[in-house]
Amino acid sequence: MTEIAATDTLPKPKRDIAPVLLPIALALVMIPLIGSVSSWATLTVASLAMGMMIFIMASGLTLVFGLMDVLNFGHGAFIAVGAYIATLVLLPLASFAQADSLLTNLVVLVPAALLAMAVTAALGLVVERVLVLPVYGQHLKQILMTTGGLIVAEQTLYALFGPQIIPMPLPASLRGSFIIGDIAIAKYRLLAMLVGLVIFVAIELVLNRTKIGLLIRAGVENREMVESLGYRIRRLFLGVFMTGSALAGLGGVMWGLYREQVHASIGDELTVLVFIVVIIGGLGSITGCFIGAILVAMVANYGGFLVPKLALVSNILLMVSVLMWRPRGLYAVTSR
Amino acid sequence: MMILSGDPPRSRVLSALLVIIMLALLATPFIFPGAKAMNVAAKICIFAALVASYDLLLGYTGSVSFAHTMFYGIGSYAIAIALYALGPNWAAVAAGVAAGLPLALLLALAIGLFSLRVEAIFFAMITLAVASAFLVLASQLSWLTGGEDGRSFQLPELLRPGTVFVPKDWFGIAINGRILTYYIVFAASALMILALLRVVNSPFGRVLQAIRENRFRAEALGYRTVFHLTYANCIAAVIAALAGMLNALWLRYAGPDTSLSFSIMLDILLMVVIGGMGTIYGAIIGAAIFLLAENYLQALMGAASAAAAEAGVPLLPGLLHPDRWLLWLGLLFIASVYFFPTGVVGRLRNKPRPASGR
Amino acid sequence: MATNSYWGCHMALTLETRDLTIRFGGHVAVNGVSCSFRPGELTAIVGPNGAGKTTYFNLISGQLRATSGSILFDGTDITGHSAPLRTRAGLGRAFQLTNLFPNLSVEENVRLAVQAERGVHYDLLRPWMARRDLIARADAILDQVALGNRRQVAATALSHGDQRKLEVALMMALEPKVFMFDEPTAGMSIDEVPVVLDLIAKLKQDTSKIILLVEHKMDVVRSLADRIIVLHNGRLVADGKPAEVIASPIVQEAYLGITPGRSAA
Amino acid sequence: MSALLTLSGVHTYVGRYHILQGVAFDIPEGQTTMLLGRNGAGKTTTLRTIMGLWQARSGTITLAGARIEQLATPDIARAGVGYVPESMAVFSDLTVKENLILAASNGPLDDAQLAWIFGFFPALKKFWLSRAGSLSGGQKQMLSIARAIVEPRKLLLIDEPTKGLAPAIVMALIECLKEIKRRGATILLVEQNFHAARELGDQVLVMDNGTIVHRGEMAALAADVPLQEHLLGLSLEAHQ
C-alpha cells in the first residue's frame, strides 16, 4: 500500500475543541466553589461515572438519528428492559452475587449483562422491523409510533414483573470505596467509568478505523451514494439500531446496579436525560454525546451539592444555555 | 354554519355521532344518574376541549409537543392553590384564572421563542424535557403544591352539592350545585371547542395549515411563520390551562396524577390520533371513545382477567389485568397511527357519501 | 417596445443589484453582478446550467443572503431584508420546482396568497367564509389563469401544467411590483406551454411592472423578452436586446463554447 | 456491436410527476453514449432509474442480459454499474483516501489501483489525506469519477460532470474522460455542454418530455446543424 505523505495538503480545518474544554473548565471552576478538594473529587468521579452510564445509553440513539434520520422516542424502553432482564440472572443467583470473591461475582454479573444486551438487541430488531421501517422519513409518525412502542414495552414489563420496585443489590466485591488520602472513590463508579470509557473508545475505533465505521460515517452524509457504491445500507442500519439497543440495555443494567433497584419507569426518567444529552451533543455526533453526557452529569452532581433546589431545573438550564451558544448542539452533524 | 365556522362535519355518520355525544352529555345528569356517569361525562367534556387544543398543534401545525399537560397542570394548580389559599370564594377563582393564564401564556411564549432558535426537530424533545422538569418541580415544591398529595379545596358555596336549587321531588333528581358545576364545565368546554373550530377555520388557521404543508412557501408568500407558530402555541396553552381549571373545579382537587403526569400526555396523544388529527371534531370523538372505554372496558378486562386466572391460563391474567389498560391502548395507538392515520373522523369523511345523500 | 417612455421617468420603480456576490465555501456562485431592471421591460436571464441564474434569483427574492454587494429596490437597500419582508415590499417569485401547499385545495392555495397580500395574518375570530372580499379576489385570479373549474381539487392532484398555472396564480395574488419567473415552462408538455406564455404576455401589458424570467428555451425567450442578460460562471457576460445578445461573438464563443460555423466543419 | 444496457418502455414517477414516459434505448458496449436534452427533459431521472434510486413503475432494464429494474441500488452497483451523480456527492467529512477505500469493494486499494487512479488524477495524490470537503469543485468531480472507476465497472453513468466548472478544468476533465474511454469503458454521459458532448460522444440520445426523441451517431449530429437546431434549438447552449 502506497502511503503518500500529506505534506502538501490543503489547509486542514481547525479542530473544534471548545466543547471538549467545556467540562474541564466546569470542573476546574467548581474547585473553589465547592471548597473542599475531597468533596470536589468525589463529586467529579460521581459525575464521570454517571456521565459514562448516560453516554452508553444515549450513544445508540444519536447514531441511529445521524445515520437514518430516525427519532426513536422508545429508546428508554431498551434501558428498562435491559435492567429487568439482568434481574432474571442476578436475583436467582444472589448467593453468587453476594459472595465475597470478585470472580464469583463476575460469574453472574457478566452473563447477566450479556443476556440483557442480547435480549435488547433482539428487541431492537423487532422494533426496527415493525415500528420504524414503515415510517422512514416521517418524523411525526416516528415520534408517535415509537412513543406507542414505549408504552407497550413499559406495560409489558409491569405485566411480567409486577409494578413493585425490584431490588438489584450490587455484588459484594463492587461495594465500598477505595480511599486515596481523604478522597473516597466508590468501586462501582470506577467500574462504570471504565466500562463507559472502553465503550467510547471502542465506538470511536470502529467509526474511525474500520470499514464499517467508514460506511456509517459516509452513510450519515449521503445514504444514496453509499448504496450506489454497492453497500446495503439497510442492513448496516439495522446493525446500528440493534447495537444501539444493546448498549441501552447495558446502560440499563449499570443504572439499575447504580441505583440498586429497578422499576419500569426508569425508562421514562432516563429518556428525558438521554434526550437532553443528545440534543446538547448535536444529534448524530458521538463525541458530542460523550461530552453532553458528562456535562449533564456534572451539572446534576455539582448542582445537587451547591444548590439542591436548582438541581431540579439544572438540566433544562444547561440545555438552554448550550443551545443558545450553539443552536444545533455542540457538534452539529453537517449534512442535515 | 356560522357557529361551526363553515366547517361542518361533512359526513352523516359523523354528524350523527357528534349529535348523539352532545345530547348524551347534555342529558347525563338526568338520564344516567350517579356520580360515576357524571364524572365520566365531565371528563369527556374537559378532555374534548383539551385534546382539541392539542390538535391545533399536532394536526394543524404538525408539531409534536409533550408539554401540553404542563399547561393543563398550570390551570389546575392555579385554581387549586388559589382556592386553597384564599378560601372558597369567587375572588379566589378569579385570582386563580388571573395567575394561571398569564403563566401558561408566558411559558408557551418562552418555549415557542426558544425552539425557534434551535432545530425544528428538537421541539418534541425540548417540550418533553421541560414538561418533566415541571412535573418534578411541582412535586418538590410541596409547600405550594402539596407535593405528591396535591391540593384539595372547597368550592364556592354556589357550586357545592349541598346547594340545592330545585328539590328532588320536582324531577326526581335534585338540581344542586354539583349539577350547576357540570353544566358550567359542559358549556365552557363547548365554547372552547367552538372557539378552536373558529380559529382553525379563520384566515389565521389557514396560514397554520399552509405552514404545515410547506413552510418554505408560506414564508415566500410573506408570512412570518415563526410568529404564527408561536401564536398557535400560546392559544393551545391558554385553552389547555382553561381546561385544567375546569378539571380542578370538577374534582375539587389538583395533583400530579390528575393533571400533570406523562400518562395524561399519552392519553391526549391517543385521543387525538384515534379521533383524527387536524379535524377538531376528532377531539370530541377521541375523548368520548377513550374515556368510555377506559371507564367501562376496564371492568370487562377485570372480569376477563379473573376468568383467565380461574382457568389457570398463564400470563393472561397479568396481561388482562385492568391496570394493564395502557398496554392495550398502546397497541391500539400503534395500529391506528399505522393503519388509520386519519383517525375516526378522517375515515368517516373520506367515505363516499351515502347514496341517499346524493 | 413600449418601454422607452419609462426610461426617463425618475419616479418609476427600480430594482438594481450592485456587485452582488455569494460564495459557497470556495465556490463563487454569483460573482459581482451589477444590473438594473426597468419597469415595462421583460428581462430574460439566460446561461448554462450552474451559471448562477437561480442563485441570482434567490439572492434577489431573499431565499439566500449575499456575501457582499447590495440590492436596491424602489429606493431602499433590501440586502438585509428577509424573504417575507421582500415579498411584502413587492417582489413576487414563482419557483422553478413547483412549490405549493399540496394537500390544500386550489382555491385555498390562492386565498392564502390573497390573504398574505392583504396583510391578514392574525385574524382568528372571523371564519374564512365571512371574508367575501378575499374569496372574490381569489376567484377572480383563478378565472384569469383558467383554473376556475378546478377550485376544489387538491393542489397535488393537478396536472403539472395546472400546477405551474397555480404557481403563477399565487404570484399574481400577491400583486407584486416585480414578477420573477424561474423556468415557468420547465417540465411542461408542449400543449401546456402556450397557456403560461399567454399569462406572462398578459402581465407584460401592465407597463408599471418589472418582469424577470429565467428560461432555457430560446423560442420562449425570443417571443417574450425585451432584454437578455447572460450569466456565466456567476458573472454577467452580456446584456442587451435579444437579437444582439444571441448574435454577439462573446456569447457565442466564450459562453457557448462553440464558434459559429465551426461546428459544422 | 452488442448492447450492454437496454431500456424498454420505462416509465418513472417521482412523487406524482410522471417524468419518464416510455424511455427506450440501447447502450452499445465499449462506446460512450451522450444523453442530451434541455433541463427537465428527464436525463437525470433516467440515470437514477437505471441506478435503482428511483424505481421504474413499468418497463424493463437489462444489463448484460440480466434484468435489473427490480433490483435494489446496492445490487445494481454490484452488478457492475458505476454512478457519478450530478452533485458529485463526495463524502466531504471523509478523506480522499477514505472516499476511495469505500469505492473499492474488496478491502484496501492495491498499488496497481492507486497507480491507475493517480495516473488520471494527480491532484488526488497530492490531497490524499485531506478532507474531501476541502477540495475545489473540479477536484471533487475528479474524486467522484475516480470513485466510480476504482473497480472495473461494466457501465459508468455520469451526470453533467462539467457543470459549474471553469473552462480550463472542463478541458482537463474531458481529457480524463477520453482516457477512460480509450481503455474500453462503456459510458452513459449526460451533458449540457455541447462542446464536451461532441468531443466525447460516439452515440447520442436526445430526450425531451420524458422520451427519447432522437438517436444516432454523435458525429452525424455534430455535423448536421439544422438537425441540432431542430433537436436542441430550444436550449441556448446548443444554439448556433
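The first chain written gets the first letter, and so on, giving A, B, C and D; residue counts start at 1 in each chain.
One rule holds for everything that comes next: a contact is a pair of C-beta atoms (placed from the backbone, for glycine too) under 8 Å apart; a residue touches a chain by one contact, two chains touch by 3 or more.
Fair warning: this is a prediction, and the values are worked out from it, not measured in the lab.
Listing every chain that touches subunit A and subunit D alike gives an empty result. When the interfaces C-D and B-C are ranked by C-beta pairs in contact, the top one is B-C.
Distance from each chain's C-alpha mean to the overall C-alpha mean is smallest for A.
Greatest centre-to-centre distance from subunit C is found for A, with centres as Cα means. Centre-to-centre, using mean CA coordinates, subunit C is 32 Å away from subunit D.
Separating the CA-averaged centres of subunit B and subunit D is a span of 56 Å. One simple way to say how far apart two chains are is to compare their mean CA positions; for subunit B and subunit C this gives 46 Å. Inter-chain centre distance (subunit A to subunit B, centres taken as mean C-alpha positions): 35 Å. The set of subunit D residues touching two or more other chains is empty.
The residues of subunit B never reach two or more other chains; the list is empty. Within subunit C, contacts with two or more other chains are made by no residue at all. Taken pairwise by the contact criterion, the protein chains form one closed cycle in which every chain touches exactly two others. Annotation, chain-chain contacts: A-B, A-D, B-C, C-D (touch as defined at the top). Subunit D makes touch with subunit A in their complex at residues 51, 53, 72-75, 77-78, 83, 85, 89, 91-94, 98, 101-103, 105, 107-111, 114, 125-131, 134-135, 147. If you check the complex, the residues on subunit B that touch subunit A are 58, 62, 64, 114, 117-119, 121-122, 124-126, 128-130, 132-133, 136-137, 140, 262, 266, 269, 273, 315, 318-319, 321, 323-324, 326-327, 329-331, 333-334, 337-338, 341.
Residue ranges on subunit B touching subunit C, taken from their complex, read 1-2, 5-7, 198-199, 201-207, 209-210, 213-214, 216-224, 227-228, 231, 235.
Those residues of subunit A that touch subunit B in the shared complex are 71, 73, 131, 134, 139-141, 143-145, 147-152, 154-156, 158-160, 163, 268, 271-272, 275-276, 278-279, 283, 312-313, 315-316, 319-320, 323-324, 327-328.
Every residue of subunit C that touches subunit D in the complex is listed here, in rising order: 25-27, 46-51, 156-157, 160, 183, 186-187, 189-190, 216-219, 221, 233, 246, 256-258, 260-261, 263-264.
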